Each structure stands twice: as C-alpha cells, then as structure tokens.
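Note that the chains are named A, B, C and D in the order they appear, and that numbering of residues resets to 1 at the start of each chain.
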Amino acid sequence: MVNFKSTVFAEGELVYTDGGILAEYAWLLVVLPFVAALVITFTGKYLPLKGAEVALTTIGVIFLYSAALMYLHITGGVVNEFFINVGSIGVFDIEFGWVVDGLSIMMYFVVGTVALLVFIYATNYMEGEIRYTFFFTSLTLFAGSMLVLVSSPTLIQILIGWELVGVCSYLLIGHYWEKKDNSSAAMKAFITNKIADVGLMIGIIILALNTGTLRISEILYQSTHNYEKLSTVAFVAAILLFIGAMGKSAQFPLHVWLPDAMAGPTPVSALMHAATMVTAGVYLLARMFPFYKAMAPEALDVVMLFGVITLLAAGLIAVVQDDLKKVLAYSTVSQLGYMVAAIGSGAYTAALFHLWTHAFFKALLFLGAGSVIHAVHSNSMLEMGGLRKVMPKTFATFIIGTVALAGLPPFAGFFSKDEILASFNHEGETTFFFIAVIGAFITAFYMTRAVSLTFLGEYRGHGHPHESHNLMTTPLLTLSVFAIASGWVNIPGVYTGFTDWVTTRKNKIVEYHPESFDLFALSSGLLAGLLGIGLGYYLYQLQGSAETGDDKIKIQPIWSVLENKYYLDHFYFKFVIDPVKINISKAVDKFNTNVIDRFVNGFGQVASLMGGVVYNNFDQNGIDKLLNMSSTGTDNFGGKVKLLQTGKTQQYLMLFLGGVVTISLLILFII
Amino acid sequence: MIVQPVLVVAAALFSLGIYGILVRRNAVMVLLSIELILNAVNINFIMFDTMLADVLMQGQIFTIFIITIAAAEVGIGLAIVLMLFRNRQTANINEFDLMKW
Amino acid sequence: MILPRKSKYYVAAFALLGTLFSLAPLVIQWANYSSPIYAFENSFVVDKFSIILKGLFILITYLTFLLSINFIESDKYYQGEYYYLLLSSLLGALIVSSSRDLLTIFIGIELASTPMFLLSGWKKGDRKSNEGAIKFFLLGVLSASLILYGFSLLYGLSGKLVFSDISSYLLSASLANSPVVLLSAILVISGIGFKISVVPFHSWAPDTYEGAPLPVTAYLSVSSKATGFVALIILLTKVFAGSGSSWGIILVIISGLTMTIGNLVALQQNNPVRLLAYSSISQAGFILAPIAISGITGDYQDGIFASVTYLIIYAFMNLGAFLSVHLFSNYSGSSNFYEWGGVARKSPLAGVLTTVFFFSLAGIPPLGGWFAKFVVFRSLLGSANSIGIILGVVGAINAVIALVYYARISKVIWMDELKSSNEEKIFQFENPLKVVGIFTVLITFVSGIFPGIFSYLGEVSSIFFGN
Amino acid sequence: MELLTNGVGLSVVVFFPLISAFIITLIPKAQEQLIKGFALVSSLITFVLSAVLLFQFDFSSADKLQLGNKISWIKSINANYEIGIDGISLPLLVLSTFITVLAIIYSIEHLPEPKSPKGFLALILVLETGMNGTFVALDLILFFVFFEIVLLPMYFMIGIWGDKTVRTVSGFKNQIETRLYASIKFFVFTLFGSAFMLLGFLGLYYRGNKTFSIPELIELGTSGAFTGTFATLVFAVLFLGFAVKVPMWPLHTWLPDAHTAAPTVGSVLLAAILLKLGSYGFVRIAIPILPEQAKAWAPAIAILSAIGIIYGSLACLAQTDLKRLIAFSSVGHMGFVMLGIASLTPIGINAAMIGMVAHGVITGLLFFLSGSMAHTYHTRDMGRLGGNMKLLPKTGALLGFTAMASLGLPGLAGFWGEFMALLGAYNPLDGLNITVFRTSMVAGAIGTVLTAGYLLWMLQRVNLGEPSDEWSDKDLHDADIYELSAWIPLVVLTVLIGVFPKLIFGATNDAVIAMLSKAFGG
C-alpha cells in the first residue's frame, strides 16, 4: 500500500538520492505527535511533569530526526515521496503520504527546532497555569498537524493539515476560555481561516478535476508541460489557492485574526503565530510555485500586490501599538507580507529564506516578550521600561532579535531581506521595491520604539520584575544564535547551500537567484534600517523619553486611522457578521416557524375546518338551506317549504331522495 | 290492452308516496306513504306480468312476496313507533333529533 | 326461545355452536369443488365467490355473538330473540351471496336487513336507540321500495327474473343504455347505497350506530355493509354489466364523495362510535372505488378482486375497532374518547389491540389495512384511465387525512394523562371479548404480513365470478 | 456457510429484532433487568450477525447484489420477498444495527420518563426491523412496507416519551404539548410522502410489465421503458416520498419539531438512520430506475439542496435550543448529501454515501450528548448553559470533538461527505446545467463557513465561559459508564472513517460506478 517507486519525472539536472530508510520512516514525524497527544490526554495527569515530558521527548525525537534528514540532505539531495491509498472515489485515488525533499526537510527542521525550544520554554512559562496538561496536548497536536501539512504530497492532505492547524490554533488561542474575549478571538481566527479555506477548497477542487489527480507533483508536472485542460482554469485556481494562503498567512485584508490571536499564551504566539503556522500560506505558494510560474504569472502579480500592501499596512499599524505582543504580531504580518511579495516577484528561494530566518528571530522576539510579560505581568509597554538592568539576558537576546529583524549585517534578517529587495529590483518592480524599503525603515523604527519603551528609560510598572528562569532564557540564547547565524547559509557568492536545499524537488524550480550582492538593493535596505533605528533612538531617547516619544508622531487623523486598524474590524462586524448572525438568521427562523409551519398547520386547519363546514352545513342540516335556495323562486313551492323545514329524519329522507334525483339527472341528461 | 294508464297510476302512487314521506310528520303516516310506494311497485309487477303474458307468472309471485314482506315491515315499523311513543309520548318524527353531531 | 329465562345462556352456547357447525358444509363444498352448481332454475348458485363470502358472513356473525354475550347478559334483554334475529339476518346474507335472480336477492336483502331494524332498537329504554331504529327503519324501507321499483322496471322490460336471462336479453335487444334500464340501475344503486351507507345515502348511519347496542353496530357496520356490497356486485356485474360506463361514472363520483366527506366529518367527532361510523362510511368509499372503475374499464374481475379483498380484511379490523371502543367506553363510562386519557396503561393488551386496529384502518404497514388500500390503489391505477388515477390521488389524500383521526384515539389512550376518575377502576376484559380481540388482531397481522392468502381469496372469487 | 449466503442470514438480521421485541412484550413488567438484558443481547446478536455478513460479503464484486434471495410473497400481485445487499446498502445496514446496539446500551440506565423499559426497548427493536428491512429490500412493495414500519415506533417514541413542555404553534389557536404536535406532524408528513410514493410504485408496476422487483425495473428503466409525462409524474411522487424523509427544504419542517420533542435515543435513531431511508431511496430506486428523469430533476434537487444548506445553517444561528440547533444542522448536512446525489457522478454519490454514514455517526453522537445534557441540566436553553467544560468535562470534551467533526473538519468523518459532494457538484454529469451546479457548489462552500460559525458559537455558549451560578449548588453527574460505552465507539468510528475513508468507499465505489454506468451509459 505504500508506493516507493512513485513516478519520477525527468526534471532537474541534479541526481538525487531516495533518502533510504530515513526517508521511508519519515512518516514517524507525522504519526508520533498524534500518538503522544493521545498518551498525554489519557495519562498526562498521573505523570510527574503532568505530560510535559512526553511532549518534550516526542518533539526531541522529531528534532533529531529532522536534523538527521537535514544532514542527509546537505550531504546529497534527497527527493522521494510516498503514497498511501485511503480509498478510491470514482476515478480519483484519495492518497495520503509524505514527501521528503528540500522544501519539506527545511520545514521539518524549522518546526522541529522552534517547537523544541518553545516546548522547553513553555514548561516553565506555563507552570501553575490551568489546563497545563491540555496545553501540551494541543501543542503536540499542533506540531503533528503542522508536519501533516508540510509533509503532504497530495492536495487533500494539505487541506487536512491546513484545517488541523487551524483547530489547534483555535484550541490554543482560546486556552483561557473563561474570558469571553479569548474564546471570541479563537472563534475569529477559526472563522477567518475557514472563509479563506473556502477559496483553498474550491481551488483544490478545480485543480483536481482538471488534472485528474490530487498528487501535487503530477499537477506541477502537468503545469510545467502546459497541459491544455489545466491552463484554461489555471488563473482562477491560482487565485483561489492564494485566497487560502491569505487566510493562514494573514495577508491583508484577512490579517485581522492574527493580532487578536495574541490572546493565547506567549509560547503559542511564538510557535504558531510567528514561526510555523502562519508560514503555511507561504509554504503552499512555494509548494505550488512551479504551477504559478508556468501557468499563472498574472496571478503572481496579484500575489505580489497583496504582499506589498500587507507589509506596508501592517508595519504602519505596528507603530501605534502599545501592547508589546501586538507590535510583534503586526510585525509578523508585515514580514509575511515580505515573503508573499517575494513569491509574487518570482523569488522562490528569497521567500523561503526569509521564512527560515524570520522563524528564528521572530520566535526569539516573542519568547523574549513572553519573558518580559512573565516578569511584569502585563502586555502593555506603558507599564514597562528600564528592564535593561533587571533582565540582562532577555534584553541582550531581544536586542539581537530586533537587529536581525531590522536587517543589519551580519544578522540573519539582513541577508534574507536583502535577497528579497534584490529580486524586486531585478524584476524591475521599482514602486514595490521602494515600498519594501520603506517597510524596512518602518520595521526598524517600530522595533526601536518597542525596545526603548520596554527596556530603556525608567520602570513604570508595579512590583519588582526579575530575570526569568533558566528554562526560559536558555531557549532565548539558543535562538539568538540562530538569529545571528541562520542567515549565513545563503550568502550570494559565498555559500548558497540554502538555495540548493529548497530547490531540490521533484519538479524543477525556475526562478531568479542573485549570484552576487545587488549593491543598490543592499545599500538602500541597510540605509532604511539604520535610518529607522536612528529615528527611533532620536525620538525615544535623545529627544525626551519613552513616555513622550509617541507625542511627536501623533499626526492626526492618520494616527487614529491606524489605531483603529483601518476600521476593518468595524466594517466586518457591521456589514458582514452582525447582519448574518442577527438579522438574516432571525429572519430565516421566523420564516421557518411563521411561513412554512403556518402553511403546514394551516393545511391541517383547513382540512378540519372543511370537515366542520361539510359536517354542519351539508351533512346535518344543509338540506334546509338547499331547499331554501331552490324554493325561494317559486311561491307555490315556497309555501310548502315551511312544512319541509322540519326535523332530522325527514331531512335524511330528503337527502336520500335528493341524491337519487341528482344522480338520475346526472346519468340521464349529462352522461 | 291499456298499459300506459296503469303505469301512470303506479307512477302517481309512487310520487304520492314520496310526497307523503317528505311532508307527513307522523311516523305512522310516513310508514303508510312508504306502503303506497310498495303498492305502486305491486301494480307495476302485475301490469307487466299481464302485459308480457308471463307463463311463469313471475310478476304475480313477486307481488305476493312483496305483500308479505310489506306486512312484516309494517309490523316492525309499528312496533318501533309504539316503543318510541311509549318513551316520548309523540310519534312526530321531526322531534326525534337527540343525536345531532 | 322456549327455554326458561334463567337458562338462556344455553342459547348463546347453542347459537355459537350452530354457527360454527354451519361452517362445516362450506369447507366440504370448498374441498370437493369442481364447477359452479346451479339450483332452482339458475336462481341459486354455489360458486367459490359465494362460498368465500358465506364463510366471511358466518365468521363475522360468530364474532358478533361473542361480542354480544356479555352485553346481553348485562341487562334485561330478550336473549333468544336476539340470537334468532341475528341468525336470520345471517341467513339473509347467505342467501344474497349466492342468489341469481331478482326475487331471491330481494328476499335475501330483506331478510338480512329487516331483523336489524329491530336489533338497532334493542335497547328499549334508550331514546337514542329508538330514534336510531326509526331512522334506520324508515330509510331502510324506502330503500327497499326503491330497489323494488327498479326491479319492477327491469322485469317489465325483459319479462325475466333470472339475471343471466335479463342481461342476455338486454344485450340482445341492445337496451343496456336505455333510460329505463339506467333508471332502474340508479334506483337499485340508491337502494343498496343505503345499505352500504355511501354519500348521500349515509345519513342514517351515524345516528343508528350511536343508538344501537354496540355488537349490533359492529354487525351493521361489517356484515350488513358486506351484504350490501355483495348484492351490489352481483347486480351490477350480472344484470347491468352492459351499462357499466354509465353507472361507473356515478359510482366514481359517489365513492370520491364518500371517502372525502366521511373523512372530513370524522375529523370532527369526539364520540368514538360516530367516529367509527364516519370512518366506515369513508372505508365504504374505498371499497366502492374498484367496482366503479371496473364499470368504466369493463374489467370487472379486477374490480371484484380488489373490493372483495378489501371487504374481507376490513371486516375483521373493523370488528376489532368496535371491540376496543366497546371495552374503553365500558371502562371509562364515557362516550367521549377525549375522556379516555391514558387508559391503555390500565390494560396494555386492550391498548395494543386498539392501536393495531385503528392504525390498520389507517392503512399503516405491516397491519392488514395497508394491503386493502394497496389493492384498491392498484386497481385504480391499473385502469390506466385518467378518472381512475384522479380517484387514486383523491384516495391517497384521504388516506393521509384519515390517519389524523385514527391516530388521535391511540394518542389519547397512550399519551394523555390518566384521569383521576379512572385511577381506581379495574379494567374488565371478559374472555369472549379476549377471543374476539386475539382472533381479529391475528387476522389483521396475518393479512398485513402475508396478504397472499387474502388476495388469493379475492382472486378466486373474482375469477369464478367474473365469467 | 450456506445459510449466510442464501438470504437466511439477511432475513434473520431483519426479523430477529422483531421477534425479540415480541418476546419482550411477553416478559412481565416487573423483571426490568431481564428485559434490558434481553434487548441488549438480541441487538448485539443482530449486530454481530450483520458483522459476520460483512465478512461473507464479496467486496471484489461489491456492485452485485449478494447474500440475497427471492421467494414468492404475494402471488396475486407478483410481489416477492426479494432481498439482497450490495456496496450501497451494506454500510447503512451495518450502521443501523450498530447504532441500535448503542441506543439500547444508552437506554439501560437512561430511560426517558415515563420509565417503562418494556415498551421502549420493544419499540426500538421494531424500529430496527424496519430500518434493516428497508436497506435489504429489493422489491418495491417490500421496501414500502419496511419504509412504513418505522413510522409507528417512532410516532409512539416521540408521543409517549417525548418532551412535555407546552408551546404555542403558529397557526394553532390553543397551546399544545410539543411531543403531541411533533409526533403527529412527523407521522402525517411522512405518510403524505409515502402515500404518493406508493402510487408511483404502482405506476412503475404497470408500465414495467407487472413487476415490483427493483433489479428488473432497473433493467427496464435503463432500457428506456419509462418515458414522457408518465415518468415525470412517477419521479415527482417518488421525489415527494423520499424528499420528505431526507428531509429536503422546504419539506423539512417536521424535523426540528420531531428532534426537539423526541427522547434522546429517539432523536439519535431518527438522525442516524431514519433520515437515510430517504436519501437511500433516491440512490437505490429513483435514480437507477428513472435515469432520464433524474437527469431532468437534478438541477432542481441541487438548488433545493443548496438552499437547504444555507437555510439550515442560518436557522441554526438563530436557535437558542440546543437540540433544535442540531436538528437544523441535520437539514444542512443532508443538503450536502443531496447535493452529492444530484450531481449524478460517481464522486457525488460516493460522497453522499459516506456523508450519510458520517452524518449518522456524528449527528447521532451530537444528539446523544445534547440529550444527556438536557437530561442533566433539565434545560436545553443555551442561554442558561455555559461553562459545560467545567461542569461536565467528559461530556464537554466529547461535545467539542463532535462539533469539530460535524463542521467537516478534515481528518474526521464529516469532511469527506462535504468536500467530495462539492467536488462532485463542480463537474456534474454531462448534459447537466454546469452553472446551476457550480452556483450550488459555491453556496455549499459558503455553507461550510456558516456551519463552522454556528457550531463554534454553540460551543462558545455551551462549553466555554464561566458556568452560571444556578448550577453551583446542584450536583451534576458527568457521563457515566453506560453513556461513555455508547459514545466512545462513535468517536472511534468518526476518526477511523476520517483517516481511512476506504472503510466506506471500498464498499460503495464499485457499486456506485456500476449503478451510474448502467443508468447513464458510463
């Protein structure tokens, strides 16, 4: 039932290994977490660490396995995919399976690494919180679902993983569901994603029905060998898939759920809403990249447009946020915008590269923020400040993350962002290029603002915050190493291993990849970053303090527009959700009870009513009336009517004979 | 042989009976008018019998049967009327409407 | 009748035995049956049709006796006469079922109905009973006289009394559709329409049913109705076979009206007996439908098959229904079935029986009623004739309407709260009644699950009759 | 095993429950334990036997009718006792025997008022006979009889053990107890449908040279024996009969009332099996016998289903009554099933089949849960519930799981029905109006969002949040062993079908393809 020798298309000059036993057993990556989740659910309470240990061992195994795969892959590219038929429906084979190639291995590694660190971090961060065990159950479940998604060789399995991670995020965002806001935030995330998933679903349906298969590699093969049937629907399908991606990767205007998702515990935000889950959209686009490139280049332009809009819009909002996690959330949205835009510009590697680096430094930032929040028991930066002294480790690592995000060499963000800019420049998208540069500037600025509000100046909160437990700082340190070094795997002209990783796939990737640094892009990006930091430092340190910093840039009405997030939520609630939830549904219900039911009951009523009428008028004393009517005409007969208007028996006789007469008339004269 | 007049007489008797049934109040009278109808039938049978010169005399035999049965029915009818009269001191059929609906 | 009053219960036993024994010759006849046997100048015949229906009549009478025993003993009633009258009525029914000339059939009809006039007024002290009797009597006699008038016309036209002669004469002289024949047909239909209580000749039924003692009512609604149908079938197919197209239409209209009006009015009833009266009126509409259609299509065999099958099944379930009404009205002492809340819990057996009978009447599988309805629909649609299909649709709608009031009774007895007045009463379910109940319920189930048997009876009767 | 393959086995599966019901009625009321034990055992035997048949069934030729037999039943009208199962009926048959076992397990400790195990369990078993019979019957009259047999038990279940709250019904002058209104409404609606269905059967009987045998009629129908107005009329009445049962909009209004009023087990069986009789009728009778008509009607059916999906979901959003909400959700889900059927493609009808099973399992479980919650809290008003996760953690967790399954979460059973139905509707059978179907598909897709919406909203109102004070002092019992042992199997089944749909497709696919290729010349 497992199909090892899946049809390999003669593409890609490189000769790949099939990964051997390690690839064969890669399904463990997917299955283990679910088993672990079950184990935790049923035995968790009785374990010394309340189930955390199970989760940790599982994720540890996964990390090691992914590392091993990584090693295998670096030494010699691995491409292989495995299929399990789980039923045939009509002509379709519904298949699950797992794919082992550069892209997926990279994702395995990211998920494995970040997840491991976050889990370790969480054991301490969540200590004493309610539903500690359940938290780890769903976290493990999430890891599993994410791996289902990234390991999927078929669209159907992508859809499954896609929705499973959605559910896990629902569970984890709503972790503190005693407060209605949290459960509402969870619902918002789920529904928004579900709306996007409609796009994905229909997109998959269209692709499947026009290629006759659900295997991604075959679809890509058909698209690169421009099959007629596929090309006719390519654009629509591409757009629909992108809608799906917009949901998960929080692209404008479907990004609204991500900031609210910060209602969940910080480790969750770090793992799902920064590093892994939100990159699912980017991953999907990357997976399908050959299809986009070959069949729907117009769709790529749309993708790029939305990406650019997102990176700018979200970045601007991030400037006005006072909630540390919200700042990071919007920054995430904006960075995702970068990735999507990169894919749109056809820079496949660049996008994935940014995904890779961003996963590490954004996770680092979130965990740092978590450590801060843990210390001061508040999300609001207005109640922080001056933590530099009390939380040195956190501060140091946070700074590293910030710089990486701001894109200064030699930190990771610098290389990835530079590559994106370079590809924009190469594509000649001048406008977008400059928007991206401005984005870089804004990024640097709001990060500086955040840092100064949080760590510099004087402490404005209550209590006496202190450095966090080692279990929390160690992951920070580890991640900061990645935040520095993860960029070095893809330095143009020096070492471009990453490119080879992610392009070793069954289907050939045709993309632009800079051979050497594009100095213009490099310098402008660097400049923007420095300017941003400088301005931030100037406003919040040299000129006045963190408290007064905002006043300088409170330019109305822009400020309030940004504070209200472009009034998107207002719009959604006012014009979409409330009407459906309140007016329409009520109307339907009314319709049901008052129209259809009334009709039905009315039918019964009419029947018995007729019964009454027949009974009283015809059956029992109708004859009088009948005679009245017939008799009033003639006098001589009318005289006798009085005599005729008598009691029952004679009416019966009358009826009887009347019947005879009518029948005779009928039969003799009509028929 | 004259046929029509006799049939007409029979028909007249028949209609008379019907009329009586419809307008007479007294149960006995109603009964009697029904007897009229039966007699109309009898006349019919006899008439046809003679008209067709039926060797089997079926018409007449039939008539005899009718007369007997009519007698029996009158007996029964009178019994019922008596019973009613005993219970209600009236034979007016139009007052018997205990059971409407 | 000669026995002293105290030993009257011998009468009951005797009557029961007698009826039972009278089944024996039937069985023998059936066993060595070769071909129709004619007697008295073709005016009396023994064929499978007659045998089957005689069997039916005898069984019904037997069950009626069982029903009656307690009723008769419960009060000062003339026992001997009671049984005597019932038996003579049975005799009439038997005569009808194998009569082949006008005189015999007339005697049969009279013999069957005249005793019922008396029996319906059996509760002497009860005014309702008297009234029912007088209404029944007057209309009955009128109907009889109409039938006679029709007969006289036939005789005058053909000079024959034996059916075969008459019909052959009518055909040869091609008078089948002459006004006179039609008029006599109408008179006969109306006259018998009274016995089978179809609209508009039904008005006596509810009152008489309500007034008469319950066993008598049961007998009226089953046996006399059956007698009427038998007479109707014989006359229409033997005498007026030629003019089917004309009376077919009339009967279609009548049966449509009967179903609908019977149902609609039944919806209004709160008196179980009246409800059953109207229900049996609408059932009569169903029984009539196939004959009517067969008149139009000329496929008498199919029509008779459907009607007879329906009759047989209907007879037993209707008896059962009367039985259950009898039980519950005795128990709760109320003739308004809305007062019967929850009585089924006092006697689950009676409750189950009631449910079975009423849902069978409603035609719900696997109870016999469904097959009865089914054969009717079958022959209606089988006619492949627009009128037939329309009548079928009307019937289907009526079947649904009927459900409402049939279900109402079992709803009341099962689902409503038990009335406090009924709490302490003990439920009497005498053995004879138990016998009736079990017997009828068995037949109802068998006829629903293995309808083959009954359709077979209907079939053979139709085959041997429709020649 | 000769006995298993020559139809005896199937007949036993059908009639054994009936016999046991009869035996139960003979056991004196006093011995409750005996009654319960006997009912459980007999239902178990039935289930085991059906499982054995599952192994006797030859999946390699799942498109053939197997394990059946044909003996004369009513000679005079040429109706035969003809039974047999193929890939289409097999899953439903097993499902029905399975659900019945669970229903009885649940009833052992949780009998509705008034407590009378005798009657209740007997009725359940009679019901099972009706359901099993409908799935194995291959003769129209036999089918009709079984189709109707289910009415009486359900009528009494709702009417006697139903919800006693008095409510006003629009169009009625005076108030009426929910159970009474619901029971008679259910009964009359269904009978209305089936009365006409019977006329349709008779029509087929006369045009199809006097046979009621479904296979023979299929042969005739596919060879074009039924055409013109006749066929249109017949399909119309068949549609009426089946659509009421499904129920399709706008014939659905009996469903919410029946479900709200019915006792827990009643609504479980109603949702899990009875609704399937209608959709099964479409697949088994209406489409193969009248393919051309089916083609002509398909767009209408698709539109109605789409309306049903949207309408049901919207109605759900307006509900305050938990069970009523779930009832309306059934309207939506069966809408997906009918959409799949309407597409007349192998994909669509397979989707319908798995949709039926999944809906049976999931909604059955939902009704179990809601019923037991209503029993615990003595209210179904979601305004008063809340914080259920805290009060009844087990029930709450299961409710959450089932809700997720019901909103079509991939990896759980509900997903395949919805997704594949949409897949089928995108490319309907050649010659069907593409626009109509794609529109309905989009409507269905939007329906999935609404579905997620109301189910999550339900969870938020029922499961999450802080429980209100009124429950603080009451001692609420979480699911006990009987409940769990009735529910867990359904959960497992949901997951199994979700990750390995071959469990269903393996049986249905060949049969469906064969049926369609016969009907529409593949």
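Structure notes:
Just so we're on the same page, a contact is a pair of C-beta atoms (placed from the backbone, for glycine too) under 8 Å apart; a residue touches a chain by one contact, two chains touch by 3 or more.
Keep in mind it's a predicted model, so treat the numbers as computed, not measured.
Touching chain A and chain B together: C. Centrality by Cα centroid goes to chain D.
For the interfaces C-D and B-C, the C-beta contact count is higher for B-C. Each chain gets one centre point, the mean of its Cα atoms, and the points for chain C and chain D are 41 Å apart.
With centres taken as mean Cα positions, chain C sits 26 Å from chain B. For this pair, chain A with chain C, the centres built from the Cα atoms lie 74 Å apart. Chain B and chain D have CA centres that are 65 Å apart. Chain C has residues 134-135, 138, 142, 146, 207, 268, 404 in contact with two or more other chains. Of all residues in chain B, those touching 2 or more other chains are 21, 30, 93, 96-97, 101, listed in ascending order.
Multi-chain contact residues of chain D (touching two or more other chains) are listed as 188. Chain pairs that touch one another, listed by label: A-B, A-C, A-D, B-C, C-D.
On the side of chain A, the complex with chain C involves touching residues 604, 607-608, 610-612, 614-615, 618-619, 648-649, 651-653, 655-660, 662-664, 666-668, 671. For chain C in complex with chain D, the residues that touch the partner chain are 305, 359, 364-366, 370-371, 374-375, 377-378, 381-382, 384, 392-393, 396-397, 399-400, 403-404, 407, 411, 414-415, 450-452, 455-456, 458-459. Interface residues of chain A, counted against chain D in their complex, comprise 85-92, 94, 96, 156, 159-160, 162-164, 167, 170, 174, 177-178, 180, 183-184, 187, 190-191, 194-195, 197-198, 201-202, 205-206, 208-209, 580-581, 584-586, 588-589, 592-594, 596-598, 600-602, 604-605. Residues 134-135, 138-139, 142-143, 146, 179, 182-183, 185-187, 189-190, 193-194, 199-201, 203-204, 207, 246-247, 249-250, 253-254, 261, 263-268, 401, 404 of chain C touch chain A in their complex. On chain D, the positions that touch chain C within their shared complex are 72-77, 141, 144-146, 148-149, 151-152, 155-156, 159-160, 179-180, 183-184, 187-188, 191-192, 195-196, 198-199, 202-203, 205-206.
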